[in-house]
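Dropping the structure in here first, questions after.
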Amino acid sequence: MRDTYGVRKRTVAILGASGTVGQRFIALLASHPWFEIAALTTSDAKAGKRFGDVTAWHFAADMPDGIANMKLQATRDDIDAEVCFSALPPDAAAQWEAALAKTGHHVFSNVKTHREDADVPLIIAEVNPDHAAALEVQRKKRGWSGSIVTNGNCSAITFALAAAPLHKTFGIEKVVVSTMQAVSGAGYPGVPSLDAIDNVIPFIGEEEEKMERETKKFLGSWDGKAFADADFAFSAHCNRVPVRDGHTETVSLSLRGDPSVDEVMDTMRTFRGKPQELRLPTAPQCPVIVRAERDRPQPIRDRDAGKGMSVVVGRVREDPVLGYKYVVLGHNTIRGAAGASVLNAELLAAEERI
Amino acid sequence: MRDTYGVRKRTVAILGASGTVGQRFIALLASHPWFEIAALTTSDAKAGKRFGDVTAWHFAADMPDGIANMKLQATRDDIDAEVCFSALPPDAAAQWEAALAKTGHHVFSNVKTHREDADVPLIIAEVNPDHAAALEVQRKKRGWSGSIVTNGNCSAITFALAAAPLHKTFGIEKVVVSTMQAVSGAGYPGVPSLDAIDNVIPFIGEEEEKMERETKKFLGSWDGKAFADADFAFSAHCNRVPVRDGHTETVSLSLRGDPSVDEVMDTMRTFRGKPQELRLPTAPQCPVIVRAERDRPQPIRDRDAGKGMSVVVGRVREDPVLGYKYVVLGHNTIRGAAGASVLNAELLAAEERI
Amino acid sequence: MRDTYGVRKRTVAILGASGTVGQRFIALLASHPWFEIAALTTSDAKAGKRFGDVTAWHFAADMPDGIANMKLQATRDDIDAEVCFSALPPDAAAQWEAALAKTGHHVFSNVKTHREDADVPLIIAEVNPDHAAALEVQRKKRGWSGSIVTNGNCSAITFALAAAPLHKTFGIEKVVVSTMQAVSGAGYPGVPSLDAIDNVIPFIGEEEEKMERETKKFLGSWDGKAFADADFAFSAHCNRVPVRDGHTETVSLSLRGDPSVDEVMDTMRTFRGKPQELRLPTAPQCPVIVRAERDRPQPIRDRDAGKGMSVVVGRVREDPVLGYKYVVLGHNTIRGAAGASVLNAELLAAEERI
Amino acid sequence: MRDTYGVRKRTVAILGASGTVGQRFIALLASHPWFEIAALTTSDAKAGKRFGDVTAWHFAADMPDGIANMKLQATRDDIDAEVCFSALPPDAAAQWEAALAKTGHHVFSNVKTHREDADVPLIIAEVNPDHAAALEVQRKKRGWSGSIVTNGNCSAITFALAAAPLHKTFGIEKVVVSTMQAVSGAGYPGVPSLDAIDNVIPFIGEEEEKMERETKKFLGSWDGKAFADADFAFSAHCNRVPVRDGHTETVSLSLRGDPSVDEVMDTMRTFRGKPQELRLPTAPQCPVIVRAERDRPQPIRDRDAGKGMSVVVGRVREDPVLGYKYVVLGHNTIRGAAGASVLNAELLAAEERI
C-alpha cells in the first residue's frame, strides 16, 4: 500500500521505548502516515510487561491510544519490524544495533555508539542528505542487508542546522559556541533538582567533544568512499541551566567572503533542504527561523516552533572578535533527538534507500 | 578616632537605600569598622518615612538592628555624611552625584552615569587602584572638594577581576565571553517570573556594550592626565538565566606569549592586590579562587566564596579557536556591586585619598 | 448567518487586550466559529497603535494572523461589537463595563468589579447556568439593553467546578482548601522572579476572601429575584509557588449522606453540564477528569487537559478530620479566566439570552 | 575533660556520612564544643576511600578542614565512638542501629526504622524531652548498654514544634495541614529536575502517614512504661514544590478553650523548652518565631532563622471551619533532620542520660 506521497507503509520498532527519547519517538510516530508502531523494546527486566504499567509518561498529553496496552519486548535481533528507531542505552546499542542491521533492519539511531564509525552516516536531513550514499559501502563492507543511520547530539544538531547554510554559502573558518542546555537533555531521572534549581552546571560529560566532532562530520563531505570532516576551528562551552526543554546557544563565528549581516540573515532564513523539497511529513516549513526581536529566541516562546523541528535564530550582529554572532535555539528532544531520526527515516524512505 | 588599622571612622550615607543594591550596602556596612551609617536616602515620595515601614527586606536575615528605625531622607547635596555610597536610579544619579561631590562628599557609585567620564576613575580595587590618582585632576578641573569614584557593571567586574592577572602577566589579545546572569542583577521587581521560570532571555539592555567598554577601562591605564583603554578585541553575549544570585561567564581568550594552562591557572590563583596587601576589611583573602573540579564554579556552591568578594574560576583548558578557555563566577550584588564600592572606599580611606 | 449549530456569528471586542488574560482571549477567539474579533481596546496611552507593535506576546506560538496588524482602540462605550470580553484593570472595568452594558453590549467580564453585585450573575457554565436568568432583573432594574455576566477568580473556579457535583449530589458542609497557585495568575509583569525562584509566598491579596465569597455564589441559587449563597463553612489558604501555569489545590471537605470514596469519585467523573449537552465549541468533553495515579494531578502533565478547560482531580481518599480529601488542578488563565468567559458567552448565545 | 557547660567531650560517628543528611551532620558537628567527629561510615562499597574523593559536597561553603581527608569506614557495630548520628538508608539502619546500641553506642537516628518502636523515644528536644526516660525501659528490656533515640520526619517536626505550645496550653482537637516541601527532603539525587521545574508533585510516599503518627507520638506522653499517643484527629496533604530547602505548611486547627488569636500567637512566641533553659549549643534562642508581616514565612527569607533551628510562623488568624489557621516553615535538613538529632544528643548529654 502506498500513501498519497507514493511511499509505502513500513512497520517500525522503538528500541528503548520507555525513556524520554523513546517516549518522544512514540509521540511522533503514533499517528505517522508512513510508519506504524509494531514493537516497543526495553531491557530484559521489563520485557513482557504492559507499556502503560511500567512507564511514567513524561509529556502533557496522555499516552497515545493503543500504546499503553502494547506489551514490551526484550531488545533482540529478530524484531518483527522493518525500521528500528533506537533510543537504547549505549551498552545495549553496542550490543543490538549492528545485530539488527545484519538481520535486515534499518536502524535510525539517536545513540552515540556508531556516530563516528567510518561507514555510518551521521545525518541532518536538510544538511547532509548525500551522506546516505555511504550506506552502500556500509552494507557491502559489513555484509548487512539492513543499515544504520545516526543523527547527532542535540547541541550539535541545533548548532549545525543553523550554521549549515552559512558554511555552504560562505565557508566557516572559526566558531566559539556557548550552550545553555535544558535538563531533558540528560534524560530521566537525569539532572537532580538539587543541581538544577537556582543553579548552572558549567559542564556536561563529553558534550563539548561530541559537539566539535559531530559538527565537523555534519558539515563535512562523503566522496563515495569516506567521510571528510569540515575544516574549521571549533570551540564549545557546554552548560546546563534550569530549563525543561530547548537548548539555547550563543555563537561567535568567522566566515569567508565578508558577507553583510543582512546577507547572513537572509542565507539562514531562505535555507531549505530536501525534506522541504520532498514535503516530508515531519519536515518544518522553515528549518531555520530568523527572528527580528532583540530578546529572542527564548526556550518558552520558541522551542515549539515548527512543532519543535525548526531552530530559531536571533540577534544576528557583528562580532568584534570573530566577525559575526547570533543566538540559536532548538528543541533538544524533538529536532535534537527523536524528530531528527524520524526525519532521516522519512528521507531515506522517500528516496527508497530503505 | 582611629581603629586598629589606623584608619579613622567616617560617617556614610547610602543613596537609594531601599533597592536591592542599597540593601546590600546596608548589610555590608551595618557593622563596618571604618564606616558608620549616618543617613539613608530615597526618592522624595518616601522621604520622612521609617526605613522599616517602606522597605521589603530582600535577604535571609532580618534588617540589621537600628536600620529599620532610621528615617529616610530625600537625596540632597547637603547630606550630613563624609562618604556617600550610591545605588541611585540613573536619573537621580545624574542629578545628585556631581552635586554631592561639589559640596565635599566622596561618592562611591554603583551607577553607570559617570563611569565613562574622562576624569572619573572606574576601579576594581585589586585591578587598577592607581586610577584613583585621577581624582586630583577631577577635583582640580571640576572645582570639587569631594569626588566621584565608580565601580563597574556586575558582569564586567566578574570578568575583569579574573582576567586582570592574565592581562598584566601575558597580555590579552582577543576575548569572547558568554554570560549566564542572575535575576538579582536586574534589581527588584526586575525580571518578571513569567520571563524567568523555565526560560533564558538572551538579551540584557546595554549590558554587552557596558561589558566591553568597562573592561577596557579597568584593564587600561591612567597616565596622569587621561585614561587609555586596554587594547584588545572584546565580544560579549549577555544572557539572563533562572538563578537568584551569581553571574556565570564562559570565557575564550587569546594571550600573548603562549603560556601553558598551568601557568594561566597559577597566575590567576596567586594574584593578590592592594586590598589583600593592606588587609582591607572587605577584601577576600584570595580574589580569584581556581577550582580543580570539572563541574565548578556553580552559583549555588560558589557565589558566597570569600563572603561573595572572590570570583571563582574553573575548567581552565585549551581552546581550539582562541587558545584558552575557562568559566568564571562572581556574586553580582556583592563583588559585582555594593561590595566593590565598599572595597574602593576602604582603599581610598586607607590611602588617605578621601 | 448561522453556523452548523444554528448560532449566528457575533462581533466581539476584547477589552484590555494586551495583558496576559487579554492575550488568552485572543488565542481562544482567533478562529472561533461563533465570535469574530472586531476590536481590541487598551488604555488611552496605547490607543491608535498597532497591536503587534506594543504587545509582547506571552505564548509559545506566534500571534494569530491578522491580530498583530489590528489597531488598538481606547476603551469607550460605543465600541462597534455585540459582545465584549473584559480583561480590564479594575478601575477601567468600574468605568466602562456598566457603560457598555447600558449602550447595548453584552459584557463577559473576567474582572472582580461586578462579581458580587446583587443582579450580576457569576457563572461557571457547567455549574450554575440558571443564574443567567438574573439578566432579566439586571436589564430591567438598570435600564440596560446589554448585560454583564462575570466569571470568577481562577482559584475559585478550579475549586467550584470539581466540588459542584459533590454539592449537588450530597451537599457540602465544610471545606478547608490550600492552594499552590501559578505565577501567571498575577498577570505580567506580576510576580518578581526574586519572589518566585526557590520560594513560596504564602499570601495573595484578597484571594482567600474571593475564593470564599465566589464559591458560595457559584454553588448558591437564584430564586428569580435574588442570589442566595450556598450554606457551608469555607476556609482557604492561598499560596504562590514557582509554577508558570496551573493552580493546584488540596481539598479536605465534609459531605452529607456519608458516600463512599468510590461514589465521590464517580460523582465527579460522570458530571456533565449544559456546555457538554449543547456541545459548545469551547466545552471540554469531560469537565472534571479523575485520575487514578497516586501522584497526579501535576501542573506540567495535567494543566492542558481538555485544552485547559477540564479540571483534573486525583488522590480522592478519606480524611480523618473532615471525611474526604483530594487534589484538584485547573489551568488558571484558560478555565480559570479567559476560557471561562468564552464558555459563558457561548452558553448565552446558544440559549439566545444575548 | 569538661567544657564550660560542664559537659565532657564525646567522640561521635556519623553513619551514612556522604548523603545530604550525613553532610548536614558534618557541617553541624565540625566545630561542636561537646562532640568530636571520630568516624564517618558508609556502604561497604565506598569503605576505605577518602571522604573528599567520593563525596560531592552539597553546600555553599567548602567541606570543613580535616573532614575531606578522613577515611570512610564500613558501618559496623564496633565503631570507635560513644555517640552515633545515623543518616543510614533504612535497610542499613535496620541492620546496624540496634547492633550498635547493643554494643554500647548511643545512637541518635534520623531514620524512620525505629521511630515507632514501643520503647524507642521519638523526641523534639523542646517538645517532649521527658520521653527520654523511656531509655531505661529500652536498655533493660533489650539488654543494651547503649541506646537509640530518634527524631522525626522533617514535615512532622516542623508542624509539631509550632503546635506543641498550643497543645500544651489549650489542647488540639483537630488538624488539617497541607505541606509545600523542599526537594532536599528527598535527598540526593532525589527529585529529578524534570519533576520539579515548573511543577508540583502532590504526593510524597508514606509522608502523610508519618506526619500523622509521629505528630501524635511527639505530642503524646510517656507514663513510665509506655507511650500514649496524643488524642486528636489529624489530616495531612503532602506536596513537593520547586524549592531547595524549607518546608512550608498551611495549618487549620481547632483548640479547646476558645483562646483569642492574640493568645494563640503569644503562646507560640513565648514558648521555650529545656534546650533554651540549658542553653544547649545548638538550641535557637526562640524555637517558634512569630512574624507579623502578611506574606511571611517564606523559604528564601525564613529558612535560616535561628541558624535553621527555629520554625517561623505567620498569618495566625481565625479559620471559619476549624477555628484557627496559620503558616509554619522549618528548615527540613537542619531542624527537620540533622539539627534535631544533634539537639537531642546535646540534651541527653547535658542531662547525663548518655
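By written order: A, B, C and D. Residues from 1 in each chain.
Please note the rule applied: contacts are C-beta pairs under 8 Å (C-beta built on N, C-alpha and C of every residue); 3 or more make two chains touch, one makes a residue touch a chain.
Everything numeric here is computed off the predicted structure, so don't read it as measured data.
Two chain pairs are in question, A-C and A-D; the one with more C-beta pairs in contact is A-D.
The equivalent interface to B-D, defined as the listed pair sharing over half of its contact pairs by residue number with it, is A-C out of C-D, B-C or A-C. A separation of 48 Å divides the Cα centre of chain A from that of chain D.
Chain A and chain B have Cα centroids lying 43 Å from one another. Separating the centre of chain A from that of chain C, both taken as means of CA atoms, is a distance of 40 Å.
Of all residues in chain D, those that touch two or more other chains are 58, 195, 197-198, 242-244, 300-301. Listing the residues of chain B that touch chain C in their complex gives 20, 58, 183-184, 188-198, 242-244.
Of all residues in chain B, those touching chain A in their complex are 174-176, 178, 180, 195, 198-203, 212, 233-235, 237, 239, 241-244, 248, 250, 252, 294-301, 314-315, 319-322, 325, 327. Those residues of chain A that touch chain C in the complex are listed here as 57-61, 197-198, 244, 300-304.
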